[in-house]
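One chain, chain A, links the two complexes that follow: it is found with chain B in the first and with chain C in the second.
Up next, the complex of A and B:
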């Protein structure tokens, strides 16, 4: 397995996390602090372009150029190990890193642009970063500390029925770097287990996409929602309370659209969507509102919070 | 630079050398001035002949050798590739290795037209041979005798076939099988397909006679429950230690009545039936097991002693202990086979989650008359006959994702057709759907494919994405890639065509014997095209699925090939060229660097001494350069011989003359000969020197050449996959040595040589000559500037 760092980490902010589910970032920070992971967040960091890139608004070149700038910032601030909150940032940065290392002409063109913008110090030299050794998903950083998490659990969540949704951009794009079997990565399961919660082992459609597909969600709405609905149906059949995520895109698709999808298929799903970091933070006793940020969710989290309170050991 | 220590090899004070020049009926003498050449050579006897290779000349040469009491002979004539053997015979009674040849035809008269320059070059080629021959030592051909015994590891169809072939040739064979019975996978699969036949045949009926023959053969000793613990090479033989695990049943007393199993209280899954049914802790794997006795499975036996009491023959001994058996054999055949791919690694296919998703091997057991359902096709979940069976091809094969196998497992298309045909025959109402990637039924198997297709099976091109359950039924989801639409197939049984992967035994044996594996962890052949069944260790061969996925037909012919290779070793009384590495035990400190460096695995440690397997060693010489204590030498390619050759090639170099030394391996030499044969020219500056490999050369040789006036050094070698990486290391080593000594690296060139691409070599030599010229001009300019400054 690849080597996962626990220091010199740049926690890479995500547009969607910040706007939609700020609790994902605050939960991750909460956990990193508890686990003694040394990290920074940089105000200078820019977007990875992911949303725009997949909507054909940003081409690969500008995406790569922005990545080069972000890599420059990571290096300059002495935190070369990037941990993303979003699976799309993860995949985009890895791809850009490989392009910058392998394609001399593109790297040179980008360095010229950086020079022209007065950012000479952010220039990228080949192999400045290694996509396998320097770019991670923040959930991988947590996964690496699963044993420590086990010892820190304060709240008993074992009464909840949870299932995982591993983001495609985490497990399918750079599948050689995916921890575990890329066809069934057990990263989320392992963390849930560390919190004392067994996940639903396998449910139909477990490995299918959330359906969002970036522009598909807007251009082919019916197709997009039909995929989401299939998965929701299967989760419902398995009596799942919480679907655990590692990508804000997926989380939005299942959380924000659940009600309207439910109406169109005549089902009330009531499946709570939490990022795995939010879930682990809850297990470690984080404040559901101030840290986990459940108030920003569409499907009310209160339902499961109530279940926790009933079985809570500490509060 | 000239103070290299030659004293170790010092020739005796006065060596009398005879040089014989060949005119080759004008082929040489038209371009080379033979009189001038003869007068320029310093030797006791210099004589020229019209046709040296003729029988008449053989007598002349011998007479002169005896008359003049010559110690060494140089023949300046054609290529040694053509006539070295002839001339080695010609110089008797001298030892054949006291001969040196100068190739003044292919490498001189045929490639140059300027008579003066050609003559000058012929002189230096002959001089080099004269210098070198002084350091020649008499060598004797090595005769190797291989012991007339072999170990065959694995008692499946491949192992049994190889063992029978050897035993029939009078070789004593030990079959070492880690299971309690021989038979391997073939005995489990029930039916087999064959080329040229449209019918499925009974595997047991084909295989059992062979097994019985092996059991009764006086030259075959079958050891079941046995594994190789260690192996040591000794003078071309192998000392093996075999661990025999206790079966707790005395073979001579057991009548296989089965009373013991009836009373045994322990029930465990029966692996021989793919765990589809149970067996007892004391058991016989299957009715036709060989040896035909019961055996106790130590991992599950609770030692209650009930079986011991019930056995009327007193055959059972619960306290029986295992033993370690030493075996000394001449050769080893690895026939350790394969296992089915672990389908849990494809979780989306639901294997292990749904009872009715099974493997092809499980289906074979279910349909085997001696299987869990007595041959009836029944769903494991409810014991009913399936109305539809969906087969999924490439389950684990042709899969580039991690955990998958990139290769095609080769047999699964035929296996699924075989089972489809069989099901259709007995259960015509059961529908068969095969989801395939490509149907691969090459050669005569295509006839069988058509035959089964005509029975009304359905084929869908597409690889299922996932398999799930809806109520009682299983649903296979896939895209029909011919119609380009997604589809769902409801069925009540799914059969996954699992990939073949190397068995644990294959991996273990490879490690114990130190044989190389392929990227996919099968046993690697020395050369998959021209050296099949040979492993990278001399004397160890491989056959069957241990070497890669294949069917029974192919396994059988491979097993026979392996057996014939073994008997070649035994019967050949192999005579080996003595030009191999030799270790001087007094100098050796056993650091093991040579063992690690030898990619041919010819160097090994035995009895705390480094030994060289003369058959495996090809004299490449990489070990010499790794040895810090100068404890290894390659016979016929000693340092002294190489230095003398270099010195001779550069002797009497004139002011302004350019000399390039081209060190080439055998293939390079053949290519250079081809240049001559095709009368293509290249610069006269080039002098070709044959070495076993560039790996024999060391920086000291390269620097010595430059110090003695070489203008450039050309290295040519066929990029053999075994040694290629070390050649690249070598070339880099030379480059850095040049940089350290302020020599322009443009004066060194490495080129990959291919025998048929001799024109490329000629062009490259010309190009290099120009490159060297430029480098020298540059050097001149620098020197001129420097001297100008000094003024």
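Up next, the complex of A and C:
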């Protein structure tokens, strides 16, 4: 298995985490602090371009140039292990890193552009970063600490039935670097089990896309929703209470659209959507509103909050 | 001796794709044996006429009408085909490259133009965002609470003890210079013109 760092980490901010589920960032920071993981956040870091890139708006060259700039910032700030909060940032950065290492002409052109844009100090030399050794999803950093997490659990969340949605851009794009089996990664399940919770290890359509499909959600909504509905139906058949995520775009697809899809197929799903970092933070006793940020969710998180209340009454 | 003469340019489209910056190292288009693994796992193939195996066949047949075919725009970019291919081919990447060719050709521009606001916001803040022209539609599905979230996001971030998400001005300026020189600004301007023309129609 690849070696996962626990220091010199740049926690890479995500556009959709910023404004849709900021609790994912605050939960991850809460857990990193509890687990003694050394990290920084940089105000200079730009977004990865992901939503625009996969809507075919951003070209590969521009995306790679901006990645080079962000890699330069990570190096300059002495934290060149990048941990993303979003699966698409993870895929985009790894791809850009491979291009910068493999294609001398592209790297030179990009360095020239950085020079001419007042960013000479951010130039990229071949193999400055390694996509396997320096670029991670933040959930991988947590997975590496699953045993320590076990000892820190304060809230009994057992009795809730959880399933995972591992995000295609984590497990399929750079599938040789995915922890576990790329066709059925168990990263999220391992973390949920560390919190003492039963998981639905396999369900029909487990590895299917969330259905967002970038342009599809906006331009081709019926197609997008029919894929999401397949998965929601399977989760319902498996009596799932909570669907655990590692990508804010997937989380939006299942959380924000759930009621609308439910109405169109005549089912009330009531499936709570949480990022795995939010779930683990709740199990470790983090405040639902001041750390986990449940106030930005569309499907109410009441099922989980009820459990926390019970634990508090028992103490 | 009679020999079968193959058009020496018959794999031109495939080779063009292999050379593209988006194509992964050793992209195995030419190794495709038409096994259909890609189609068997494709969500778009389940719900539409998009057929990844057929896409590769048409590329290998140098069928350039594929670039203008609306079918390309049904892919979800989920990379499931890419993750199961036994010969390291990636229809997902091929489709991305073909869509770029469609944009260059002009026919694909109206497909991408509605996402121009993403680029505008990126140039203004260095941050990605959902294009604002979709907000009215989204509120219908997401509910009014989502609009309230947009209004209150700064306060919520403060409650969560998160710093500002905005980049310092100098960094936004640098990003603009970079995107000018990579040709992105020029590309965006063309797409914006296309969007504005569609809107006045």
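One rule holds in what follows: the second predicted complex is superposed on the first by the 308 of 315 C-alpha atoms of A that agree within 3 Å, B and C clash if a C-alpha of one lies under 4 Å from a C-alpha of the other, contacts with A are read in each partner's own complex, and residues count from 1 in each chain.
Quick note on the criterion: a contact is a pair of C-beta atoms (placed from the backbone, for glycine too) under 8 Å apart; a residue touches a chain by one contact, two chains touch by 3 or more.
It should be emphasised that the depicted structure is a prediction, and the values quoted were computed from it without experimental measurement.
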Original post:
Is A:175 contacted by the first partner chain B, the second partner chain C, both or neither?
Top reply: both
**OP:** Check the residue A:22 against both partner chains and state whether it touches chain B (first), chain C (second), both, or neither.
**Re:** second
Original post:
Between chain B (first) and chain C (second), which, if any, makes contact with A:117: first, second, both or neither?
Top reply: second
Original post:
Once the shared chain is lined up, is A:207 touching chain B (first), chain C (second), both, or neither of them?
Top reply: both
**OP:** Report for A:183: first if it touches chain B alone, second if chain C alone, otherwise both or neither.
**Re:** both
Original post:
Given the touch rule stated above, what does A:34 touch, chain B (first), chain C (second), both, or neither?
Top reply: neither
Subject >> Of chain B and chain C, the chain that contacts the larger number of chain A residues >> reply: C
**OP:** Once the structures are superposed on A, label A:289 by its partner contacts, choosing first (chain B), second (chain C), both or neither.
**Re:** second
**OP:** Pick out the shared contact residues on chain A: the ones touching chain B in one complex and chain C in the other.
**Re:** 175, 182-183, 207
Original post:
Once bound in the complex, which stretches of chain A touch chain B?
Top reply: 175-176, 178, 181-184, 202, 204-207
Original post:
Residues of chain C touching chain A in their complex?
Top reply: 20-22, 24-25, 43-44, 46-48, 73-80, 82-84, 96, 99-100, 103, 108, 111-112, 114-116, 118-119, 122, 126-131, 134, 137-138, 141-143, 145-146, 149-150, 153, 156-157, 159-168, 171, 173-175, 177-179, 181-184, 187-188, 191
Original post:
Which residues of chain B touch chain A in their complex?
Top reply: 345-348, 350, 353, 401-403, 466, 468-469
Original post:
Where on chain A does chain C make contact in their complex?
Top reply: 13, 15-16, 18-20, 22-23, 25-26, 41, 43-52, 54-62, 64-66, 69, 98-99, 102-103, 106, 113-114, 116-119, 168-169, 171-173, 175, 182-183, 207-209, 211-216, 218-220, 223, 226-227, 256-257, 259-260, 289-291, 293, 295-296, 298
